[in-house]
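Each of the two complexes below includes subunit A, the first together with subunit B, the second together with subunit C.
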Partner chain A sequence: MTTSTQTTSRLAGRTETIPARRLRRRRSLGTWVRGGGLSTLVIALPMLLVFGLFSWFPIARAVVMSFQFTNLVTPPEWVGLENFRTVLTDPLLTTAIGNTLWFAALALVLGYPVPLVAAVLMSEVKRFKGLYAALAYLPVVVPPVVAVLLWKQFYSASASGVFNTVVGWVGLGPYPWLQDPSTAMPSLVLEATWAAAGGTVIIYLAALTGVPSELYDAAEVDGAGIWRKVWHVTLPHLRGILLVTLILQVIGTAQVFLEPYLFTGGGPANSTTTVLLMIYDYAFGGRGQYGEATALSLMLAAVLAVLSALYFRITSRWSH
Partner chain B sequence: MRMTTQTAERGIASALDRRRASVRWSIRLTTWLLLLALLVVGLGPVLWLAKSAVTPAQDTLRDPMALFPNGADLENLSTAWTRFEISRYFVNTLVLAVGSWFVQVLVAASGGYVLSVLRPAWARVVHVLVLATLFVPAVVLLVPLFLTVLDVPFVHVSLINSFWAVWLPAGASAFNLVIVTRFFDNLPREVFEAAQVDGAGPFRLAWSVVLPMSRPILGVVSVFAVIAAWKDFLWPLLVLRAPEKQPLSVRLPALETYVPVDVFLAALAISTVIPIVLFLLFQRFFLRGAGLGGAVKG
Partner chain C sequence: MTSPRRFPTIALAGALAASTLVACSSGGSDPSDAPASDGPVTITVAVDAGLEQGAKDAFDARVTAFEAEHPNVTVESQEYTWSGTTFAADLAGGTLPDVFTIPFTDGQGLIERRQIADIHDLVGKLPYAGEFNPNIAKAGQSTDGQMWAVPVAAYGQGLHYNRALFEQAGLDPDTPPTTWAEVRSAARQISERTGQAGYAEMTKDNTGGWILTTLAYALGGRAETVSADATTATIDTPQYAQALRMLKDMRWQDDSMGDNFLYDWPTSHADFAAGKIGMFVSGGGDYGNLVTQNAMEPADYGVTVLPLEGSGAAVLGGGTLAAVSAKADPAQQAASVEWIDFYYLGKLTDREAAVADAKTTAEADQPVGAPQLPVFDKATYDEQQGWIEDYVNVPVEQFAPFTSSIFDQPLESEPPVATQELYAALDPVVQAVLTDEDADIAGLLKAAQQDVQSRIDRS
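Presenting the complex of A and B:
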């Protein structure tokens, strides 16, 4: 509606000088087709259909469904905030949130500094730099499911498991790794870090090439040694990208599913049940609680939205 | 000459730093230690997988770190491939990847063309709607998208156990559309205008002018599409319930329960071969630009 009035008003100013344009004011179907409007719509059709059916419609449906009781047999019923109430009073929710936070915290402690240190060291390598980068990136190439199933073999609790053999060389173990509630989550995080660190290393390496060498020259004139150059030149220069990877990692770990689902299925004793696993169980764990599942996923999305809003605020403040 | 290249490519340690013996040796030592660590951590697990894929089950279970104590067993690979039908799941994975690739390229190229080059009056609204989906995490879509696939609006068919259930939703990637639109925005508009003056309609302009110019960006979309399809697990798990339709990623966890461990490891190794070959072929692409794009996408 607004667009058509815009067109007419824009053309209205010219009607006195160019009478031929007056014809265009009557936007009949024929002129629209001849002007390429129909062809444009045909070309846009794949995008409109795919996004409409598989993105915009499901997103709208998620909001509607969270206020409905849906069991796919009877027509959906409006239940108000009942789904949210069920989820918030689910005794498993605090466990799942706690586990997700624990996963995120462990992933930060383990996975955040390692790629940074590796990238800074790698940037100093003069020969075969490509080999270093390729080796660091190799785990990212291994399909995630294969990586988890392979590490599941490594974590075998038997004394002749791969990791138990290796720690046995220095007289430790055998450990139950995935079978013990206290070591299960760190084991998951270790694999997740292995699988993801290479991608972060590549990002940092790219950022490190952007540090102007004049800054190092200037720091040397002021008498700075290697460590002070790292602390006062390199790291401040990476500040922006460090924040980006931090936020991305938190958003990623908040949605962790593959590792707990394949390694432990949430066990032992719910010690690895994450929020996403809970959503999956509501909907597809045999109970068919679709309304509860969407309610929980919307709440998770809201938390993630706060995180990204926070991120945009911090980055915009820095750029000023 | 040498001096200039050195200053241009300098890192944290200066040429002066490097002339000091202590610095030189500690840099050399860390370089070697780093290489060793990367070999053990990065290459080690992959090599262990390759070794165990052709080792008899008993050896892998009894002494997993020994190198072929009782010889190799190449039959694991053929057993996995034929008897446990890895070949079928492999083909399914390929079919899913090719179909997802086609839908993604079609939607991204045609959509980007409309939003950036043709720019009809309604393009701005669509553009905002596409960008808005970037901020909706995938988890929100999980259940409603599943119910949509179960009973597609208007046509009322179920796509469960059909490859279309994976192909079509793959096309709804705002990330693809954003990078293609941005690429098209940077193409010289004079070329399009010249073609339009010469009487080229929207289809002709797309086919003869824009498409040949957009090969680099469609290459990027293609690589991301194939990688994502190969990695995808949760979505195909939900919509492809019939084992004969499932890709490797979905089938492997099920195989783990009933296949001997040596054959299972052979199956894992087979699943890893194509991604690693692709990585070695397009190494430069992955190690230069893909890191950032992949991070944004994930």
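Presenting the complex of A and C:
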């Protein structure tokens, strides 16, 4: 603000004959161009177009569509809040929300600490650190659909299934894995954890290299063991990253789709039907309820936005 | 940790994808606007996905023959197999071929919503237009009786069985079960002696409801009663309960249903072809899929009619309609109907075409003569079977238990209103009975009744 005022007055002193209004416009445009505005715009334009076309426009269309009845062929009809009413009175909604929360909770308990522990352990080892990191990252390289289809085979409920054979060596099982309403969801979380842990491990490993080694040395001098070093030195330094990965995980799990869709199709008996799978079924499960699908999508997006905002508000104080 | 890598970036993505595609769909055009010209036309036609090379060659040979007969038409093939979950997306996205097939159950809805081209004028010009079996033809007709989609195949549900597993289990493959009690005891015997599933049931992607309804029909039940002013769901009925109890007993008392209770259409057929399933219920005409797409050994295949028990018991039947994309222009619509006539119906109505088709198919080592139900009348069907007699290369005697009785069984069409939704609502019911020993059949049916009724009311 201050800079621009100074520039304007400096220029004004040199071009007194030009009417004031015209002068201001030309000057500000010129300033804008000279200040790199044009090149910024040119550079940003492709991104703006791509985002506009593929991201913002569909979002706007979805908002419109959630108030319409449409089969995407005949002209849509306005139905007010009817789609939202249908979704909110659908008996499956409570089940889907419950299942999504269950997935999120399991993923948090099982999936959140695993990469952290793995990263801390890996950073402690002195040799072959790169090898361990590569091994941990390997599942991320496997295309998700391929990974799920592989695991589907491993989860075969017969006694000769891969996992049942393995647990059989220690006298356990055979377990029904995906074929039982109570074990289906934990089985999904197990695969999801395996598939995604590697990416987070790498992030933690990178963050760990930023922890000053003098702090560890000092802690050691003070007689701290490995556990106390982790608790008092490592974790406080990772706090920012931990918060980010936590919120990403919550958003990610709230939108879980791939695993239930490919593993179980929401079964057995709706035990793995998640909110996103429900959205998919509205639109593409042979019902063609696109309005309901977008209505539920918007509600999910709203909930996630509120959650994120709340979370950052609550944690902003202790994340710094 | 579950990173967002594996999920859509924003919650909206799944359903939103459809919205960007809105602009791609159009309402189609009226063929009466312009007569079919003789100018060059290109149409894309559906070819079954996942065919083995021989079947692909046979298809390509038919395309070449068609193009020779219709020099102005270029035919491009597109892999397509109807599936409940992908069809709507394809339709919305405008990615369907110009000619595609749909099950009977989808005809009415698509016609009502004008999502397929109105080809009744073009179909009306075909020489056999008035000869369709009226019961079958109505699947492709609008409420005012105009044919928008053409029935090209019809089936009645059958009980498929693996002859090799029957023999291994000490059962006679030439005398398959004729009552549900016999089905149950055969399943137990297969399971005990071979370690494979004696009887398996599809449960996913609406097939659970489809097969459960088939069983209920066979026990005298129906899924809906349709009157002039209302359609009532009849799910919470003794027949549905009996069908579920039968499954429950086989699953939990006999343990004869294997260990996969999340079968969909393709996986059940793959496992049956691989010898992992002794018996299962599906369309009576599935032989082609089992042999050409799932490499089943023809000698192992057996099929029989469903046991019908109780008053009003009937075989649930359905079929395939050929439809034309609403996006096709008049010239493409005309060429598409010519293709339907040539590829799907010629072989049923015209001696020369029947022989040519059978010859090409047999030369490509693909099955000729697998059982189907007549799209026209029984006499036309028998005549057609006579034309192709010399080329029949399937083990006809293994189909005898089915073909000797299916024409005498009362055939009942699928529930007419909100069919796929009704089936979808029943999937979890079947899954619950098969995966939860304490599943309360009465409670499940009561809830399903309400669910289905509300879906019917909404449709």
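What to note about this one:
The rule is simple: the second predicted complex is superposed on the first by the 254 of 320 C-alpha atoms of A that agree within 3 Å, B and C clash if a C-alpha of one lies under 4 Å from a C-alpha of the other, contacts with A are read in each partner's own complex, and residues count from 1 in each chain.
Definition applied: contacts are C-beta pairs under 8 Å (C-beta built on N, C-alpha and C of every residue); 3 or more make two chains touch, one makes a residue touch a chain.
Every value quoted in this text rests on a predicted model; they were computed, and no experiment measured them.
In the superposition on chain A, A:A218 contacts neither subunit B nor subunit C. In the overlay built on the shared chain, the residue A:Q179 is in contact with subunit C alone; subunit B does not reach it. Within the superposed three-chain model, A:L248 lies in touch with subunit B and with subunit C [touch as defined at top]. Contacts of A:L81 after superposition on the shared chain: neither subunit B nor subunit C is touched.
Looking at the shared chain after the overlay, A:P268 reaches subunit C, while subunit B stays out of its contact range. In the superposed pair of complexes, A:V33 makes contact with neither subunit B nor subunit C. Between subunit B and subunit C, the partner in contact with more residues of subunit A is B. Judged by the touch definition given at the top, the superposed model places A:S123 against subunit B, while subunit C stays out of reach. In the superposition on chain A, A:A133 makes contact with subunit B only, while subunit C stays out of contact range.
Touch criterion met: A:T193 reaches subunit C, while subunit B stays clear of it.
In the superposition on chain A, subunit A positions 54, 57-59, 61-62, 65, 70, 72, 144, 158, 199-200, 245, 248, 251-252, 255, 257-258, 276, 279-280, 283-284, 290, 293-294, 297-298, 300-301, 304 are in contact with subunit B in one complex as well as with subunit C in the other. Residues 54, 57-59, 61-62, 65, 70-74, 86, 91, 107, 111-112, 114-115, 140, 144, 156-158, 176, 178-181, 192-193, 195-197, 199-200, 245, 248-249, 251-258, 264-270, 276, 279-288, 290, 293-294, 296-298, 300-301, 304 of subunit A are the ones touching subunit C in the complex.
Those residues of subunit A whose C-beta lies close enough to touch subunit B in the complex are 3-4, 6-7, 36-37, 39-41, 43-48, 50-51, 53-59, 61-62, 65, 70, 72, 118, 120-125, 130-139, 141-146, 149-154, 158, 160-162, 165-166, 194, 198-200, 202-203, 206, 213, 216-217, 220, 225-226, 229-230, 233-234, 244-245, 248, 251-252, 255, 257-258, 261-262, 276, 279-280, 283-284, 290, 293-294, 297-298, 300-301, 304-305, 308. Per the touch definition, subunit B reaches subunit A in the complex via residues 7-8, 10-14, 16-17, 23, 27, 30-31, 34-35, 38-39, 41-43, 45-46, 48-49, 52, 61-65, 103, 106-107, 110-111, 113-114, 118, 120-122, 126, 129-130, 133, 135-148, 150, 152-153, 168-169, 171-172, 174, 177, 201-203, 206, 230-231, 233-234, 238, 248-250, 252-253, 256, 261, 264-265, 268, 271-272, 275-276, 278-279, 283, 286-288, 290-292, 294-296, 298. Those residues of subunit C lying in contact with subunit A across their complex are 1-8, 10-12, 14-22, 25-27, 84-89, 91-92, 113-115, 203-206, 258-262, 264, 326, 420-421, 424, 427-429, 431-432, 434-436, 439, 447, 451, 458.
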